[in-house]
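The two complexes that follow have chain A in common; it is paired with chain B in the first and with chain C in the second.
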Partner chain A sequence: MESRSANGLMGKVLNLSFNGWLMIVVLVIFAFAPVLTEVFNQPFYLDVATRLVILAIAAVSLNLILGFGGMISFGHAAFLGLGAYSVGIPFYYDIYNGWLHFALAIVVSAVFAVITGAICLRTRGVYFIMITMAFGQMVYFAGVSAEEYGADDGLSIYVRSNFNGVLNFDDDTSLYYICFVSLLVALYIVHRIVNSRFGMAVRGAKGNEERMRAVGFNVYIYRLTCYAIAGAMCGFAGALLANFTDFISPEMIDWTRSGELMFMVILGGSGTLFGPFLGAAAFVGLDVFLSQYWVHWRLIFGILLVLTVLFAKGGITGVVANLESMLRRTRGRGSSAAKADGEGPDG
Partner chain B sequence: MDAVLLVTQFLNGMQLGVLLFLVASGLTLVFGIMDFVNLAHGAFYMVGAFVCASLTFWTGSFLLGVLLALPVVALVGIVTEVIAVRTLYPRDHLDHVLATFGLILIFDELAHLIWGPAGIAIPLPVFLRGWIEILPGIVFPVYRLLIIGSGLAIAAGLYYVVSHTRLGMLIRAGASNRTMIGALGVDVQTLFTLVFALGAVLAGFAGMLIAPISEASIGMGNDIIIMAFVVIIVGGIGSMKGAFIAALLIGLIDTLGRSYLDDLFRLFMGGEAAETSAPAISAMLIYILMAGVLAVRPQGLFPPKVR
Partner chain C sequence: MAEPVLQVSGLIKSFGGVLATDNVHLTVLPFETHAVIGPNGAGKTTLIAQLSGALRPDAGEIHFKGRDITHFPPYRRSLAGLARSFQITSVVQEMTVLQNVALAVQAHRGHSFRFWHPAAADRELIEPAMERLEQVSLAERAHDLTNALSHGERRQLEIAMALATDAELLLLDEPMAGMGIEESSRMVSTLQALKGEKTMLLVEHDMDVVFTLADRISVLVYGKVIATGSPEEVRSDDAVRRAYLGDEVA
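Moving on, here comes the complex of A and B:
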């Protein structure tokens, strides 16, 4: 967590770990993204940033169950899809009320999470991975066979969610800031959850389920609640995504999407607060960068993924923390050794 | 109900079932023995189809193409195991899933590089193109019967290998206690490579069998691998018997569900409601089945004996 030896705000800032600095730099860049894309006259990159931020919300929600809770869900894209269809289907019936869209996205996702989670959480290990994936595919096939809403071809959304002038989804910059603030709120919520008694219980169950049970916690209920919160959060991201792309299709629920979300979490550093955001940024960044240069960029992507799993334990956050402790060790050998084990990544 | 349609759909379901078994058996072997989750297993299905297509055009004979493609797929399996998979065995399942997800991207893109974006159809030899009268008044394509027959034959062969040969003994021993057979002097690493290659060949063979019907295409493995996972979950992960029974069960349920569910729904709801809801439900049917099985028996129908 925060540094213990800090004297006030100034001391806190000076004592930041490398990951802390990285977080501040990334946040500042993203806070000014619309200005930067305006200055460099690259409106395309504002689109990239918006997509990135939305996917980051989904990754942050997945990290809550995967990273902190140890629940390896391979069907998280289903919630993205449920949220998106919660915007698309009302639109199809000429209902444009944004409050309704987002309320629907959150409620539908949470209910789906409770129902499927109740079954999934009865299983362990590899069974859990596969049953979540199968439930994701179930939603996918529901979308594919929903002829009324475009089936495979998807559904174009011509009118974005309408918040009666309170929020403007039609302006690119405004939409970007709505997504960015949503991401900040999501990060804050996760931060509060994992540091609360509830979050400690969920994290404890990841570490040692038997012991948590022996201490008297109903692990199943804690996990299910956590699963539902993550599902609702991802459903919210899905509603944003539908507004951003003006289009919904079953393709956004496909199991490879779930795999990509998982990759973002691992790439950034699972079980850390900020990791999934970094992971989403690296993922989308690589995606955009590589696809400009080579048609077969997915080959490099796959190789990178394998290498990350094999060699970069802890993802970006882990690598940065390792780098820092390595530097501190070589530099601090002469001076006091007491400061050596400073702060690692959050959690 | 029409008897001709019922028999035809039953056989189609069997065909899907044996193909699923060929893919799922490798998956369940690899999981049972190495405790390894291989999402990229479907890639061997695709590689088998593509390699067989190329070799068929090269040799001019589908049968020769299949025979020559089998060792190629085995080689691909061995190379994959040695380069990437071997280091992953001691890791947790999350790492398996992610790394093999990366392997899928690599395989799909390599196939794109080598064979191009379009699918390749394999022409069948003339003697396999005909139809045969299986029951009075019911005809069925010879080749589809051949798929069912060869799938069942391989299932029988696998049963023989696993339960009556020395290799099978090692496989069973490996599934129940890996450390122990290592301590007894068995070269575990070679055994693992062998089992992985065997799984790859089985999946590749399934891909070769289906290629003349639905052509070799990129991503074909990604569709079947999910169903194969459902099969091994329902059957009990690591169980060969479970994989066989669940594969046929799921093949039949999926196929029959798609053709008969709207008739079934019509019995207790309006025609229009049945027509709109049946396709959606039938597409989800096997997942509903899986959820049902797991809700009652989280370890699957035929869980392997305690390890």
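Moving on, here comes the complex of A and C:
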């Protein structure tokens, strides 16, 4: 084998791919986001960062099934909604216990994922996309028709999840760090999962389903489990989102929301560990920037998605990896390793 | 006579009007290399697909080591000890050669609900996988992606994956198809090394290969088995000469 494995942490750092560096820089910036917004006196941007980080968790969870599992779900926002309503509905009945809210968000989402996934995963291709979307819309219409909880207008949440002083959801900086650490944990969980035996089974089924069956895998059961894990993770993000926005409404579940999550995954680089975070950052960044000029900019985000798929396969992560291997080649240091590093799940 | 490894009885499969498998009876004995020959469109691939579970027969039964597996899905047949290679090569894309074989090993090492420990560092998977790659002389390609392999190497990989499942019966659908002379002689020697160690059902076009490897041969024409026997018996069978060998060999 090549001698690209220099020893020790120092060697590892020096050997980092561009994507590795990008990840470190982005993580450092986000780790200091509250400080930066404070220094520059821009509290609005802490709000932006919080929303971004929450959406990134949702995108990371979608990436687990879409990017690594090849399950193109167009109904992922349903889990955001289920998580959010798991905070909103107990609040409505004066139940503020945060442990309960989040446990509910995770369990309800996982159960919904198992039930709907059991049906969706019997279909393939376009049918899978359509049926996941249909189940998503079902949750949306359930929200719309839930008169008790505000129906279309939604429900304001005046008391955030209460963790008996262990976690403080009321302070902006504290809430931000809760979300940011949650994102780090989500990334780490996904990193472990996709490289585990389970992850290999799921990724193998994306690469060649028939082959995986012929070789002895019960593809269906591993996919369903993966779907449930992703659903639970997104439900968790939904519970954070409800706390952050102090508001729940069916609009969080609409299929366009699912499309946005998909956009983040694909724009950032689906099937890479860090891509969805980059995609979420790009999406929210664009949202904040373009909304100043044109409130309906989202109308064109479909076009952006098509452009990404056509011209930047692999999204941001792919572009950075290609750039790196191009630079290395012109410098005469032939390196396919750079590409493999960048596009691998460890990128 | 020893208990057959595979016993196919009364198997029928039709596609619309085409009877691709027409009341097939077939017995494969332990450790024999049993070749299935027949002209294009005779139903050989269709037969393999039913044996591996990819296709559901309209009627008939398949017994594997005395067990009725007719209604087993493919993955359960694999777990029972049946492995197939595909006529059109089929490996997992975007993965390395080693990962492909390691997956085949993994499928047969209990359930895969293991979410935390990295599979790449799992010696229980990697070591047997490397052994299998050595067996088909593909070890030096272990860390290459599958799409970097030549056609012949990909076929070797398929054999390694079949072996990695510790299958007792290998279903090989034209393992030499589309290969050059050098590649196919490499495959022949790989199979020759397996002969007597594994039971093999070999679909093959090349008569030289068939007569070199096979202990017994079944001849399939229009979905029907018209003869079964030793290479000599089949070679001298009138029906076979008329229906198949006659026009091909002459």
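As a working rule, the second predicted complex is superposed on the first by the 320 of 347 C-alpha atoms of A that agree within 3 Å, B and C clash if a C-alpha of one lies under 4 Å from a C-alpha of the other, contacts with A are read in each partner's own complex, and residues count from 1 in each chain.
The definition used in the following text is that a residue touches a chain if its C-beta (ideal position, glycine included) is under 8 Å from a C-beta of that chain, and two chains touch if they have at least 3 such contacts.
All of these numbers come straight from a predicted model, not from anything done at the bench.
> For the three-chain model obtained by superposing on chain A, do chain B and chain C clash or fit?
Superposition result for chain B and chain C: fit.
> For A:286 in the superposed arrangement: first (chain B), second (chain C), both or neither?
neither
> Using the touch definition from the top, say if A:306 reaches chain B (first), chain C (second), both or neither.
First partner only.
> A:148 contacts which: chain B (first), chain C (second), both, neither?
In the superposition, A:148 contacts chain B only.
> Considering only C-alpha centres, what angle arises at chain A between the directions to chain B and chain C, nearest 10 degrees?
Angle at the centre of chain A: 80 degrees.
> On the overlay, how many Å separate the closest CA atoms of chain B and chain C?
The answer for the closest chain B-chain C C-alpha pair is 10 Å.
> Which positions of chain B touch chain A when the two form their complex?
Contacts found on chain B: 31, 37, 39, 84, 87-88, 91, 93-95, 97-99, 101-110, 112-113, 222, 226, 229-230, 233, 237, 276, 279-280, 283-284, 287-288, 290-291, 294-295, 298-299.
> Please name which positions on chain A make contact with chain C in the complex.
1, 192-193, 195-201, 203-204, 207-208, 210-219, 222, 225
> Contact residues on chain C for chain A in the complex?
52, 54, 73-75, 78-79, 83-84, 86, 90-95, 99, 102-104, 106-108, 112-120, 122, 125, 143, 161, 165
> Of all residues in chain A, which touch chain B in the complex?
Going through chain A, the ones touching chain B are 66, 72, 74, 116, 119, 122-127, 129-131, 133-135, 137-138, 141-142, 144-148, 255-256, 259, 262-263, 266, 296, 298-299, 301-306, 308-310.
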